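Paired with chain B in one complex and with chain C in the other, chain A is shared by the two complexes that follow.
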Partner chain A sequence: MATHKTLSKVNLTPPESRARPQNKMTLLQKARQRYFSNLLNSFLTLSVIIAFILILPPLLQWAIFDAVFIGSTQEACEVAAGACWLPIAARFDLFVYGFYPETETWRVNLVFAASFFTLVVLVWRRISMKLKLVYIVAFLPALIFVLLYGGVFGLDSVSSNKFGGLIITIFLGLIGSILSLPLGIFLALGRRSTRPVIRIFCVSVIELFRAMPMITWLFMGALVLQLFLPNGMEVDKMIRVVFILVLVSAASKAEIIRAGLQAIPVGQFEASAALGVGYWRTMSMVIMPQVLKVSIPAMLNSFIGMFKDTSLVAIIGLLDFLSVGMATMNSDEWGKYGIEVYIFVAMIYFVILFTISRFSLTLEKQLETGH
Partner chain B sequence: MIKIKTILSAITSVTLLTGMGATAPVFADTLDDVKKRGFLRCGTGEAKAGFAMPGDNNQWQGMEIDYCKALSSAVFGDETKFEVVPVTSKVRFTSLTSREIDVLVKGTTWTYSRDAKLGVDFAAYWFFDGQGFLIKKELGVTSAKQLNGATICISPGTTSEKNVADFFRTYDMKYKPVVIKAGPETLDALQKGRCDVITNDLSALASDRQKFTNPDDFVVLQDNIAKEPLSLYVRQNDSRWKDVITWTRNALVEAEELGITQENVGQHAKHPIDPRVARLLGAKGAYGEMLGLPNTWAHDAISAVGNYGEIFERNVGEQTRMGLTRNLNQQWYDGGLVFAPPFR
Partner chain C sequence: MLMILRDERKRAIFDQVLFLVIVSAFIYYLSANLIENLNRLGISTGFSFLWQEAGYQIGGALIDFDDTDSYALAHIVGLLNTLLATFLIIVSASILGFIIGILRMSPNPLMTNSIRYVIEVIRNIPSLVHIVIWFSLALHLPPVRQSFDIYNTVFISNRGIYLPDPNFESGMWGVLFLFICLLAYAFFRKRKAQQLMRETGKYQATFLSNTLIIWGGTICAYLLFGLPITWQAPTLSGFDFDGGITIAPELFAIWIALSIYFSSHVAELVRGGVQSVSKGQFEAASALGVRYSITMKMVVIPQAMRVIVPPLTNVYQNILKTTSLGVAIGYAEMTATTGGTTLNLTGQAIECILLMMVSYGIISLIIAAIMDQINKHVAIVER
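Moving on to the complex of A and B:
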């Protein structure tokens, strides 16, 4: 710590001569250089501008100026020349909370807050990596389970049949992704194991879950799994779906981690072994921190894919965020306003996933060690 | 040789073990299970207007949901002791056989092969639907028999797909199928001319037509090409529970015949004049107990959702956006198919 402080006092600004030449171009020059440097660029720039001029005004006219925002019944929309955003207003609670009891929605809000807070935790420099991992892998899933299901700490128990909308999407996406991380690590390590039994087992699990479509596994989890359970034993459908999502996503994460493992120079393993450090300590103290660091972009990519894949649960009858939108389009009152609902659903997905990808970019920059 | 034998025996034992849960006859009685659990699981459609649809108030509503309420009232004397478990067409029967739901209420046509081989039992009709065609008026078609060569939008994996094939073969006509899942996309396809006709359940077509900007440009043809008795299903060999499902439905139908409504059911229960009313509402005899239910079961069901006619009118009737007429769903004495066997 002391050296760090003295270091920070040293003037590290580069001398004047080595500084980057200042860009003295005016805005107009810059624009010319960037967008009209040659014939092709000028043509492309102009086409984009024309496209905007053609598309944007009618779009705005439809989506905002001619649109109906106020009212609560479909009648209010009959007069609209543009979009009708009332189905979203009228069913906002359904979109977000599904059928969750109205008095308990604060628990859902808390889950959303905790999920968002996770992103903050991820990029918070003052928190150690270990603490971050504990928060994400252990604390957050436990918190989400307790809050959503209740039944402990004096919280009313809520059946998962009451989940719907964004709850399902966030719950499945988040829990599936998080719990698959430790499993993925073990599968990746097992795949490189020298013991044939472990290796073959891990390879089979990975290949099996990677080689079959998610929908097949969802059917399996939703329907067939229940048939194998002993009579009278019931596992919540949502849990079975999470189980499937975790396995599917762990299989893909295992491959990401394996790629990370292969990127670690073999000298690292050897040095650790030479120092007499055991396998698990080598893995947890030396190898994994480096592996996780290099795999973060791929992991977040897999998370984003996973988050979107949760909409597949519609085929087994779970009403996730997108399905609530579809239900809205099938309803009598709001059946005419399918486009608006699709736009709303797409926008929410975009906002969530774009936020996550921005945070992951920040995280990547932070971890950049500049080899 | 020994190795193969060991492997074989291992495989057989695994199959036996896993197969036990799947194929061993289940003697568990769902009525007991439901009572023990304290609520019942109702397998409904995932989103069908008028039948099972999440409303703006975050509550499920529709004809199927009303049946669930009635059933919950009959068993527990409380209309809230049920959970809606939406099931899709693809998973509905497996959900039932894997005990995830106690009763399948989702509009499911009663067919021979389903009853014969799927490990489920038909319990009662809930709604008589048919299959028809929705078409642009400007084409000037008045009968389905003029549809030779038409392009038809069909929802995949439904009985309607097969019915259309049968119908066109019967009349030696040709058609081009365009397979699109029913929903706004189908309507868009019809409007933009990707297909000339939409075929679907008549109940769905009526409400689909209302979703066009100008419904008057479209017409539902008079032809009904299929019988679609949408029914309630239970697991096979579960007769006590099946009786409860069947007779709860029958009680609601009988109530309409006897003129018992949600409003006057209390009055009728207190001072029954007609002995049939007295039996139904539990004022005379012990008819509920025969089913293993409280004696006030029918009274509770009716006071929760009203009689069959009331349920119909409230959810899909002419006053609603669905705007369906009773048609086949009229009582037998009005010329419909809705009929309850005598309560005695």
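Moving on to the complex of A and C:
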């Protein structure tokens, strides 16, 4: 046959393999292509370089070479031309532990360690999702409450007005966003409920808390909440603030979970309804595990937002990390060095939040089971 | 009894009634406590307190206000300051954010990487920390007597920035009228060029000539009418400046700090929007020999805007809410006047909170409505 003939003529031996074409560009040519390929590109490169030259040397001169690092009183700073980093060293304990009793600081350190360990747990592949959830939602808050407040297991009881600095920031950030999770789930389910009364109630609660600035709610917690309680019932200020943070954060979490719920195909609901599974079992066994998985990255983002928002408690007079900085600036001794103190505060916030956001990126990549 | 719960419709009614009973019992409990507490403290409810004399002073009010004016006027003062700060921050954060976002997508790795790190740093510092840093920087500026001056017209000191105050004379109306006429004419030219493009495919550049027509014409008219604006420069008298417009350090700090903070959010949105435009669009444009800047302007950005505008509404509403942090540095906006001083002086907590909620809600809705119009403009037109 004709095709047979032509086929037999086909040369089936592969062509001789050739070496990969060499990239002959030298380093200089490469640099030129990347940074000076045309007028606009050269302009961009030069402007970045000029900005660096203008900003970096004076900044380094101020922050490092001319700065004062050694000493304990402000006299050491009087003669310096640059920054004075002494207030940070002088008030370091206040920044980290507030007025927490000195003999008990190991408990605070343990809380910090447990908080950091949470991030590790989140990205640890070998721990099951269920165990992670139990650790974060049940174990961690209980541990933090027991360690910080004490009063059980032979730990000395510490009043919450001794808390301060980083303790408050981490306590409010973690407890606020963890405790808001269950409430957020119920609000999101309520918002998608088929019962109009429940739906309208949940929508109004969510929108109410999202419409007003956080600081107004904090004012409300600090000044007004007391009016709603029976006469004579005093609630710890810290607990009132946690309560407010939980409500505000639950409203934003509800929106995240609602987005997650909308991402679940209708087939999942229908399949479990067809099998005769009830509403609560469908939600807890079928839907929520999927929803929580897809909304973890958004949750971590909202946690970062929450952590940033804890700095607002400085305005209502809780001595959080930023507030210690403000108090340092208002003190007679270190009043002149406010900028140094605030730069330190900003750096610590940056380190904490940047770490969380890196872990969140890692987690996002791990959870990406799609294409 | 239990049989009722097996019927879906009866079950729905049962659920809602139960829910309603629990919620109203809870609300009843709270309000009973509230009424009891208010009676005990001798606070009367209602909004009549708004017409009482406020008895406190507000620094940095945009309208005349002194301590004999009412709480209602104090609320208006705060509201105006909130609006001013929100407007200024939205404008400058958008402009800055768009520039940073576009530069972030430039093909120059040095530029993109340095901007990436800067954005990362700005985003990971709380907004309140930004504000207090800029406020303490503003207070470190030289005192009034040794203030920086720029050609003796703009003065920068730790009491604020002093700008010359424009005085409009009657000739300005003529200039304004001509300016509007020129604007209309330029718009007409652009429409005509667009029509030419649709009908014949010929491209007629109008941007440069239009700019020349508008500004050239306006400047000519300005000269012709005999310089109808006179600038009143601030002058040093005693310990402060007289005349001119003052930007107080509080407004300066919150404006700069939040512009920088939110420009990073806008820049990230712009980046997301540009990345959402498929790569084929870039490649098709460059295959047709279109320059990078034109590709961005004519092909990529119009498509990216569809993705950018809806979440931008959210950012703008966040800006509105975040201006409330002005209370930390003593900027007299709504949360500081109504939510702070008024609430503390009168004890009318519920009313003050309601008043603020309504005010914030209305501004929020206005922002949403404006953004909705813009969104209609940039959204895909479907046939």
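Just so it is clear, the second predicted complex is superposed on the first by the 334 of 371 C-alpha atoms of A that agree within 3 Å, B and C clash if a C-alpha of one lies under 4 Å from a C-alpha of the other, contacts with A are read in each partner's own complex, and residues count from 1 in each chain.
In this section, a residue touches a chain if its C-beta (ideal position, glycine included) is under 8 Å from a C-beta of that chain, and two chains touch if they have at least 3 such contacts.
This structure is a prediction, so every number in the text was calculated from the model and none was measured.
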{"item": "Side-by-side fit of chain B and chain C on chain A, or clash", "value": "clash"}
{"item": "A:M329 touches, of chain B and chain C: first, second, both or neither?", "value": "both"}
{"item": "Partner chain in contact with A:R91 - chain B first, chain C second, else both or neither", "value": "first"}
{"item": "Touch count on chain A, higher of chain B and chain C", "value": "C"}
{"item": "Partner chain(s) touched by A:V134 [first = chain B, second = chain C, both, neither]", "value": "neither"}
{"item": "First, second, both or neither for A:I200, with chain B first and chain C second", "value": "neither"}
{"item": "Partner chain in contact with A:L56 - chain B first, chain C second, else both or neither", "value": "neither"}
{"item": "Which superposed partner A:L44 touches (first chain B, second chain C, both, neither)", "value": "second"}
{"item": "Which superposed partner A:A211 touches (first chain B, second chain C, both, neither)", "value": "second"}
{"item": "Chain B versus chain C as contact partner of A:R34, first or second or both or neither", "value": "second"}
{"item": "First, second, both or neither for A:L229, with chain B first and chain C second", "value": "both"}
{"item": "Interface residues of chain A shared between complexes with chain B and chain C", "value": "219, 223-224, 226-231, 314-315, 326, 329, 338"}
{"item": "Chain B-touching residues of chain A, taken from the complex the two chains share", "value": "90-91, 93-94, 97-100, 102, 159, 161-162, 164, 219, 222-224, 226-232, 234, 237, 314-319, 323-324, 326-327, 329-333, 335-336, 338"}
{"item": "For the chain B and chain A complex, residues of the former touching the latter", "value": "18, 21-22, 24, 26, 28, 41, 46-50, 53-56, 58-60, 83-88, 90-91, 94-95, 97-100, 183-184, 188, 207-208, 210-213, 320-322"}
{"item": "Residue ranges of chain C touching chain A (in the complex, touch as defined)", "value": "12, 15-16, 19-20, 23, 30, 33-34, 36-38, 40, 103, 106-111, 114, 120-121, 124-130, 132-133, 136-137, 139-140, 292-293, 321-322, 324-325, 327-328, 335, 339-340, 343-344, 349-350, 353, 356-357, 360-361, 364"}
{"item": "In the complex, chain A residues that touch chain C", "value": "34-35, 37, 40-41, 44-45, 48-49, 52, 194-198, 201, 208, 211-216, 219-220, 223-224, 226-231, 304, 308-309, 311-312, 314-315, 322, 325-326, 329, 338-339, 342-343, 345-346, 349-350, 353-354, 357"}
